[in-house]
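Okay, so chain A shows up in both of these, paired with chain B first and chain C after.
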Partner chain A sequence: MILSAMLRVKMAWARPTGPRHEVVLSSRLRLARNLRAHPFPPRAPAEELKAALKAVFKASAAAKSLESAARLELCEVSEVDREFLVERRLASRLLISEPAHRGVVVGEREVLSIMVNEEDHLRLQGIDSGLCLEDLLGKVSALDDELAQTLDLAFHPELGFETACPTNVGTGLRASALVHLPGLALSGQVNGVLQSLGAAGLIARGHYGEGTKVLGDFYQVSNARSLGPSEEDLVSGVSKAVEELVRAESKARTELLRGLGKSRLEDMVFRSVGSLEHARLMTYEEAMQHLSAMRLGLSLGWELPADLTTVNELTVLSQPGHVQMLAGKELDAGDRDFLRATLLRGKLKS
Partner chain B sequence: MILSAMLRVKMAWARPTGPRHEVVLSSRLRLARNLRAHPFPPRAPAEELKAALKAVFKASAAAKSLESAARLELCEVSEVDREFLVERRLASRLLISEPAHRGVVVGEREVLSIMVNEEDHLRLQGIDSGLCLEDLLGKVSALDDELAQTLDLAFHPELGFETACPTNVGTGLRASALVHLPGLALSGQVNGVLQSLGAAGLIARGHYGEGTKVLGDFYQVSNARSLGPSEEDLVSGVSKAVEELVRAESKARTELLRGLGKSRLEDMVFRSVGSLEHARLMTYEEAMQHLSAMRLGLSLGWELPADLTTVNELTVLSQPGHVQMLAGKELDAGDRDFLRATLLRGKLKS
Partner chain C sequence: MLCARCKKKPAQFLIKNIVDNQVSEAHLCLDCAHGAAQESVAPALAGLLSLLGGAAPAPREKAPAKCASCGLRWTDFRKTGFLGCPACYDCFAVPLKGVLQEMQGAVRHSGKRPARSSADLRGRLDAALKSENYEEAARLRDLIRKGRAA
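Then we have the complex of A and B:
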């Protein structure tokens, strides 16, 4: 089964190979595109959605960037599988809420992917390690060009790409970075720093985007607008702001290490190691808190019983849908907490 | 130096060799005795105290039960050393509050000892592993008989042994057991069970006796009166009541293991292991809580990174005075927490 195979393969972004990976877990770039021949998905009847899905799947099969990609129709997989795709950031809550005639295309190691018939007919997406938005813009644009060879995309000569929601009109681009800010959080600076992003046209959200909780001091930072500047300018604006965040976070970490702070920080990080290595029951929220502490310790060069790749992966594998995928069935919260703790212990000891 | 040698030698009671050692950490039996020739210590001038101390030290040197015992005058050791003796239960707070002409005699592996010029001229004491009050009565009485050969003890034909405080008149005996009741504590039964001891003429106190805090679910249980019944009856009364406590505690532990409780209990115990193995800063109170959880896990037959002897010893070694003895100097609370955490980590890994 394709999804259980994905469970075993490492996502490209989990490897800490990208620039600024100590602070920037991953970058994500998406382009919203629509087919001229069909109404936008929110207003399209089933027949139109079906035709759009078929057209996109066909075009994606011809695209070199998506060689050996998996194509999944959401109504053909289980609810647990759909939850898994959301946790993997390959599907949105909106996409899975109406599975009929919705689908995803997932490229090798999950760098490139497409959501089909979400708010727009196509949401092209690139995710990779560290701060690499320029690089992702190149990759996603190349995919966009390939698809445009076989698909007739809705484009307005003045407004740019047409999208279902006006906030995406123009470039249809959203560039975001998943940043890890434990230093700023511990020193009480994080809210101030994130609020100041507004002036640069950026917004910060929780781990899963708009309206979601902050977990383990991870934040999504992205551009607020997509109309006006060119794609390159938008991306460079986000990159620069994230570089600023990285500097502020690094400074905060250095300051925490001064004086008595070092013992306190070590105490926090190593207690988290102890909990991950020994707990028998653990909620997702608690796991994220401890994994966040381990990421901080690793970034400070401390020797810990897991490397950054493992810790990054565990932030994904600890999610409820992933735990249920591992179990091969739906589980209640208590059983998930038990299996999660077992998984974490195993990963930290191996 | 004698005290630092004591720091290295294991106390006899720490070895879990005695009956009911899973619940009863140690038993303690003391006899209060006074010299006819001198006023009770609280009312004695310095010269009298000095003479009494000399007489007791001399008599103890001749006693076979105290062969190769250490004799310490409290004004000849440091404040840290005196704190160490209190933590070791070889001296009381009262004894060290006025160190001049006060002393202790400490027998092999701390089974038999004498406090000199506390409330009474002599407080003979026996401590050993598990529930062994009858055995201790034999040992301490033998020492009492030996000392009576050279010392003229104050004895009233009707009241029995005369003591400074009327609550000790008669046998001058206090029999106590240090019991570990995490099962009753976790199941919310501990207060009820301890209150019911009153009917049997017993009282329960904190770890260090009257007015001290309960730490790690350890309680001192002892007889309230010493006048009236014979020594044997007093001891047998305490023993029977403690046997009841052991049964109640064992039942509570078994019940905690039923159903979902097992995972929760394992989670608690192993998280404690994780904290002891990894923390960089730890207060004495927190250490006692984790050591208590480990004792519980060991009593349930779980494999843990330390045996019962080590855990018993660590309840003593974690105390502030012991930590300072290890450091060889006085330390502030932050430095003690750091050294304590280091000690605990080392003991759990070796």
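Then we have the complex of A and C:
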């Protein structure tokens, strides 16, 4: 599979079509699974990892949910390709940090995928647009059932699915939503609101997982626990909390439009539009800040030189790996900033 | 080995961190590992470290020295937070129960089970019996029984 071909295919999760898409960019659900016959990846020697990768690739080839899926061994693709997979949310930084005997399986429109030999042998994943965790649970669980027909999964009668780290044991489930909270951020409420999620057994973190900076007021909200409640209950807990966040964010956006606030908000959004339309050099962080402001303006119904589909797409295409994939080669930071600014100007004018 | 951060106390944990696209590793003492976990906005890790650092019930009395299947010692788990293989869950069942109760607030799974078809299991049981792999046959027989009960 030529990864650059994926640039032309729109991933399902970036389309602004899902429920509550004005606030919820995408939902992601993963199930962690392991093979009974092999040590967990963090402790497995190369031959065990190799055997696990082969078994998972073979089983996935027989799964109807992954018909016409691509299977990639990470050691067979370039560093730029691996970076591209991370930005596409098909691989984690941990997975690409040691590419040997690691792989990914990527289904149609990138909705269903599998990371092989990350922290666990299998990380089954579903991503789609808007708040759609229940729907994703159905899809990922069906894939899990298909794979379990041919793979002997590690399952404990009392503790459930066994995982390398006990923080994932039981359901192996993490349900998360990528939410855009510029209204709460501008009104200074975002930290308080996110902290209150802790009481509901949820955690909030920056855009692309642990340790990354919060870019463009995008946050990821997910369940903290994996053992005890059923999959349906865990998903329902996250969905309800995200619905609350959507209400709080919508209220904050409405309040920002009152009085002098409206002029300040318009000034911020149109300055961002100006930068995106005219800048000659732009870092990824700056691009995300301006795209976030544009996304806010569009959700308020303002007429701007790009629609939500384009803005969502640009949040993905502006990432360093995507810019290099567009160039077809590795670029230094200065060249990336130049190409990014050119790309943004072009997209906003078309 | 001394802690890479304070350079005073012995290193007890290997902390792997991913910041700004860079993966870094550091051997840290308990206090510095706590600090690192808080900084990295990783509540699950912070919770796990807190438990492994002494809040969890002492495992020494009842836990075996190491996993009979993969050789992982409980001290290895305390350092990395990772178990070695599925059999570790049985080997270290007693100390893990305390860790899970604190970390997850539960010690019993109530969700889905692996969806193996009974026909497939019976086929595999026949194959195991034919090859005189009685240990595997007994495991498959138990699985079939559990499937009927479920």
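Assume the second predicted complex is superposed on the first by the 349 of 350 C-alpha atoms of A that agree within 3 Å, B and C clash if a C-alpha of one lies under 4 Å from a C-alpha of the other, contacts with A are read in each partner's own complex, and residues count from 1 in each chain.
Please note the rule applied: contacts are C-beta pairs under 8 Å (C-beta built on N, C-alpha and C of every residue); 3 or more make two chains touch, one makes a residue touch a chain.
As the structure is a computational prediction, the values presented were derived from the model and not from experiment.
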First, second, both or neither for A:305, with chain B first and chain C second: neither
First (chain B), second (chain C), both or neither touched by A:341: first
Which superposed partner A:281 touches (first chain B, second chain C, both, neither): first
Partner chain(s) touched by A:159 [first = chain B, second = chain C, both, neither]: second
Chain B versus chain C as contact partner of A:45, first or second or both or neither: neither
First, second, both or neither for A:192, with chain B first and chain C second: neither
Comparison of chain B and chain C by chain A residues contacted: C
Chain B versus chain C as contact partner of A:261, first or second or both or neither: neither
First, second, both or neither for A:273, with chain B first and chain C second: first
Footprint overlap on chain A, comparing chain B with chain C: none
Chain A to chain C touching residues, read off their complex: 34, 36, 38-40, 42-43, 83, 93-94, 97, 119, 141, 144-145, 148-149, 153-162, 164-167, 169-171, 173, 198, 203, 205-206, 209-213, 224-231, 320
Of chain B, residues touching chain A in the complex: 260, 263-264, 266-267, 270-271, 273-281, 334, 338, 341
Interfacial residue positions of chain C with respect to chain A in the complex: 16-21, 23, 40-45, 47-48, 70, 72, 80-86, 89-90, 96, 99-100, 103-117, 120, 146
